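Look for subunit A in each of the two complexes below; its partner is subunit B in the first and subunit C in the second.
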Partner chain A sequence: MTPIFIVNAFGLMLLAILIALILNGVERKVVARMQSRIGPPILQPIIDIKKLLMKENIVPETAVKWVFNTMPFVAISTALVFFLYVPFAGQNALLKNQGDLILVLYLLVIPPLALAIGGFASGSNFASIGAQRELVLMLSYEFVLATIVFSLSWLYSVTTPNMPVFSVDLEARPSPWLIVGPFGTVGILLLLITSLAVMPAKAGKLPHDMSEAKTEIADGALAEYSGLNLALLYITQALRTFGFATFIVFLFFPCNIEQFFGFDPFFLPIFNFFFFLAKVFAVMFCSVFIVSAVTARFRIDQASAFYIFTIFTISLFGLLLLILDFFIGGQLYALFG
Partner chain B sequence: MKRVHQNLPKISTMVKRMADNEKKVNIPIGPIHPALKEPVQIEVSVSGERVTDVNITLGHVHRGIEWVGTRRNPIQTLYIAERVCGICNICHPMAFCIAIENAANIAVPERAEYLRTIFAELERIHSHLLFLGVAAHEMGFDSILHYTWLTREKVLDVVEMLTGNRITKGIMMIGGVRRDISDSQAEKIRAAMDYYEKVYGKMCNIFLDDKTIKMRTRDIGFLSKKDALRFCAVGPTARASGVKKDIRQDYPYAAYPDIDIEALTPEFLLKETRGDVYDRVVMRAIEIKQSIDIVRECLKEMPSGPIVSEPVLQKLLFNLKQVQGEGVALVEAPRGELIHYIKMEKADAPSSWKIRAPTYANLHVLRTMLIGSELADVPVIVASIDPCMSCANRAIIADKGALLYQEKLRELCIGKTRRLRGATK
Partner chain C sequence: MGIDALKRSLWVFHVNAGSCNGCDIEIVAALTPRYDVERFGIKLVGTPRHADVLLVTGPVTRQMKDKLLRVYEQTPEPKLVVVVGNCGSTCGVFYESYNIEGPVDKLIPVDVYVHGCPPRPEAIIEGIAKAWAKLEKTKVKK
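And then the complex of A and B:
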């Protein structure tokens, strides 16, 4: 815990918050343009946060107060700590040697869990229902997420012998597309599709925003939050979207730009940073922007069935193709020259 | 830290609360709720996510309009009738006019009848487009909300061109209408109808093919044909359940007797009528098409001639003052059958005025639709009857069960104003 580390960590967290909020603003703008609206300014989320921080923090009388007030902090701190373990902007994670993918998976779970607990603690019926839906949704998609992570880890364990398979070290991790044959490529593509399908639920966006459905349960678990607490949860929501996009980028597109073009080493971090942003934007564009403009909200039973049956089956197919590629792929390819 | 420790035991409350969630919970939807566009209280009992009971309380937007109407002369009241509702502001004054005309035996010129029909159908188009947007918004599909409301601008522009106003049009007059449609205006209406023909095609594509819309609206909020007849549902709500019921067909008024009009059911576009939310949504889209055809036919067949039977208002008022009798008007509003009753007793003002809005009839079926459905579907189902609360609110019930009518409300209002003014002094 050197001072340099602390400064770096804080700088990274602030940068993550800033990028997450701006991406949220970009999302609102892009979706608005898709709906032939003008949309808010791109910095609107930051203005909103500024406004919320000035507002009174109201705690309902029926709430379990300490849980209600603690959960926003738990949510935002875990959402921020996540960025210390995942490679960010083409640089290795600050705590790459202390954590692994399993830890990262858990860190991804805690913010929605904290939101749900806060919702239960608020004592509002709307919030309770929102929290229940959040938990049911989480149970449905977490299994898919685990399948994706374990499939890729298995792939590394068989193809790259000396690599710690759950490592979050960027250098030790080759791009998954480069170490498989044609079958494996399709398999990884399926896994990518499933992870993009998990994205809206992870981010709480349409069509899986039933846990905060405005027209049904009046913002669900967020219903009773206001002021500072709401500002924290608002940032957490933005961080969840950005964080999971970072995670997908890390799993599927870990390459940096120097592998494609040569650059002056001095400017390389800057180019890598923008390359990373472009990748994150591409992931968010495919999985959040377009999807939220062309779908209606699912019911919780439909969303649950969607993940448990459809998406889970697709991810199993992906794993199956990876296994096929490793065991008989070599012989097959030899057969066809 | 001390505070946290003191509060710690309360976590048991929270655990208990989580455990209790399987039991019945009352969810108040309204009077103010993001899903509702107008205040109404729908108290839903849910067990888990399933609705077990529904209780509807009306009266939050009661303004005592009928009382006001019986204290002014009919021409003044005409403008109040227009303000019963922000959306149905052709059908209310039209029903009011027809009721007075029936009571006073005033014959309306033929051209005025056609003009009234055109305005009524333009209103239906805009009301149904508004409904389609709201329904999509309730299921979270905001892209369609923005698309339908964008296309709705066109009909509002046409209405503004014809009457001078987008919403409160001020076009109806007892014995006719106040403004004529010129040839160049008729041309613009035709162009708008061509535009809506295209919009209708696109709407059909959206609502018939989109999977997520079907997921959210198919097979929820059932209203069987039997129940629709039993609870006297009206308008598109009844027609979507297969009841071929339409005032324009059954008791034609204005120019509808001249036009071949038939009550449509969802079978016009779909294979079968199920009476679910999807049918009710598609029903509205179908009626947009019907309205387009009616407007076109009216423009084609419209005879020339005067547009109002008595252009001099003083003379009209004098004549109305001599009237002794009753009049009832039945009008097919965008939401269904609208009834106005007027009683005139040789006085300045009508001695009685009663409005029965379509939403009042349709609210009774809401309970049947809601019980057994999922909580997530409640807003979509409520929106599917296109409730219009300001139309339906005719009386207010206070906490203790006492009825508050206009006199008492006025007293309370004056008292409050006096209190406020006293406070500022």
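And then the complex of A and C:
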């Protein structure tokens, strides 16, 4: 814990918050344009946060007060710590030697869990319905997420012998597309599709926003939060979206820009930063922006079945193709010349 | 700092206190592509805890009286109340009905009245803008 590390970590977290909020603004703008509206300014989420910070912070009488008040802090701090463990903007993570993919998976789980606990603690019926839905949804998609991470890790374990398979070290990790044959490519594509399908649920966006459905259960687990607490949870939601997009980028597109073009080493971090933003934007565009502009909300049982049956099967197929590619791919390709 | 942010980010909660639904449809119309209030940062939220502005429609029936008071108390400060439609201002066509406890300003302090039966979306947007201007004036006085 050197001072320089602390400064770096703080800088990184502030940057992550800023990017997450701006991406949230971009999302609202893009969705508005798709519905042929003008849409709010891109900095709207930052204005919203400023406003929420000056509002009264109400704690309901029926709430379990200390749980209700600590959960927003738990949620935002885990959502921020996440960025210390995944490679960010083409740079290696600050704590790359301390953490691995399993830890990262857990860090992704805690913010929604904290939100659900806060909802249960707020003593409102709407909030507990929202929290229950959040938990059910989480149980459905975590399975898929685990399959994706373990498939890719298995792939590395058989193709790249010396690599610690769960490592979050960017340099040790070749792009998964480069180490497989045609079958494997299709397999990875299937895994990518499943991870994009998990994205709306992770981000709490349509069509999987039933846990905070504002038109039916009054913003769900957020129902009783106001002022500072709501501002923290608002930032957490933005960070969850951005964080999971970062995670997908890291799993499937870990390559940096210098692998395609030569650049002056001095400017390279800047180019890498914008390349990273472009990748995150592409992931979010495909999985959140378009989807939330054109879909309506699922019921919770439909969403759960969607993940447990459809998406989980697709991810298993992806894994199967990876295995086929490794064991009999070579002979098959030889057969067809 | 904060009040300025409120100008650009008004979150609105809509309370239907026995309205005939005409006003409610006009409020929703203000969100549609034609008027698009989201470009001013105005957003319809699902719970009074998140709200800055309460849009109250309808003459306040006896059943809704307690709920309206409760919603008003649930809204965090600083808050504004905008009454939309003639019903909320004067009870309108329901004037002196047996089951009416309103108009709204008998129960909670109202900042802006928007007239019309129902008012046009432009009028509703103007009403919210006026409510904000009123908030700014109180800030200057302090």
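The rule is short, and it goes like this: the second predicted complex is superposed on the first by the 337 of 337 C-alpha atoms of A that agree within 3 Å, B and C clash if a C-alpha of one lies under 4 Å from a C-alpha of the other, contacts with A are read in each partner's own complex, and residues count from 1 in each chain.
Criterion: a contact is a pair of C-beta atoms (placed from the backbone, for glycine too) under 8 Å apart; a residue touches a chain by one contact, two chains touch by 3 or more.
Keep in mind the model is a prediction, meaning the values are calculated, not measured.
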item	value
Which superposed partner A:67 touches (first subunit B, second subunit C, both, neither)	first
Touched partner set for A:38, first subunit B, second subunit C, both or neither	second
Subunit B versus subunit C as contact partner of A:58, first or second or both or neither	second
Subunit B versus subunit C as contact partner of A:164, first or second or both or neither	neither
Subunit B versus subunit C as contact partner of A:300, first or second or both or neither	first
Partner chain in contact with A:207 - subunit B first, subunit C second, else both or neither	first
Partner chain(s) touched by A:126 [first = subunit B, second = subunit C, both, neither]	both
First (subunit B), second (subunit C), both or neither touched by A:218	both
Footprint overlap on subunit A, comparing subunit B with subunit C	35-37, 126, 213-215, 217-219
Partner subunit A, residues of subunit C touching it in the complex	1-3, 5-6, 8-9, 11, 33, 36, 38-41, 45-47, 49-50, 52, 74, 76-78
Subunit C contact footprint on subunit A (complex, rising order)	28, 32, 35-41, 44, 47-48, 50-51, 53-58, 126, 213-215, 217-219, 222-227, 230
Residue ranges of subunit B in contact with subunit A within the complex	3-4, 7-8, 10-11, 13-14, 17-18, 21, 25-27, 33-35, 46, 49, 136-143, 146-147, 150, 210, 212-213, 215-216, 374-379
Contact footprint of subunit B on subunit A as seen in their complex	34-37, 64-67, 120-121, 123, 125-126, 128-129, 132, 206-207, 209-210, 213-219, 293-302
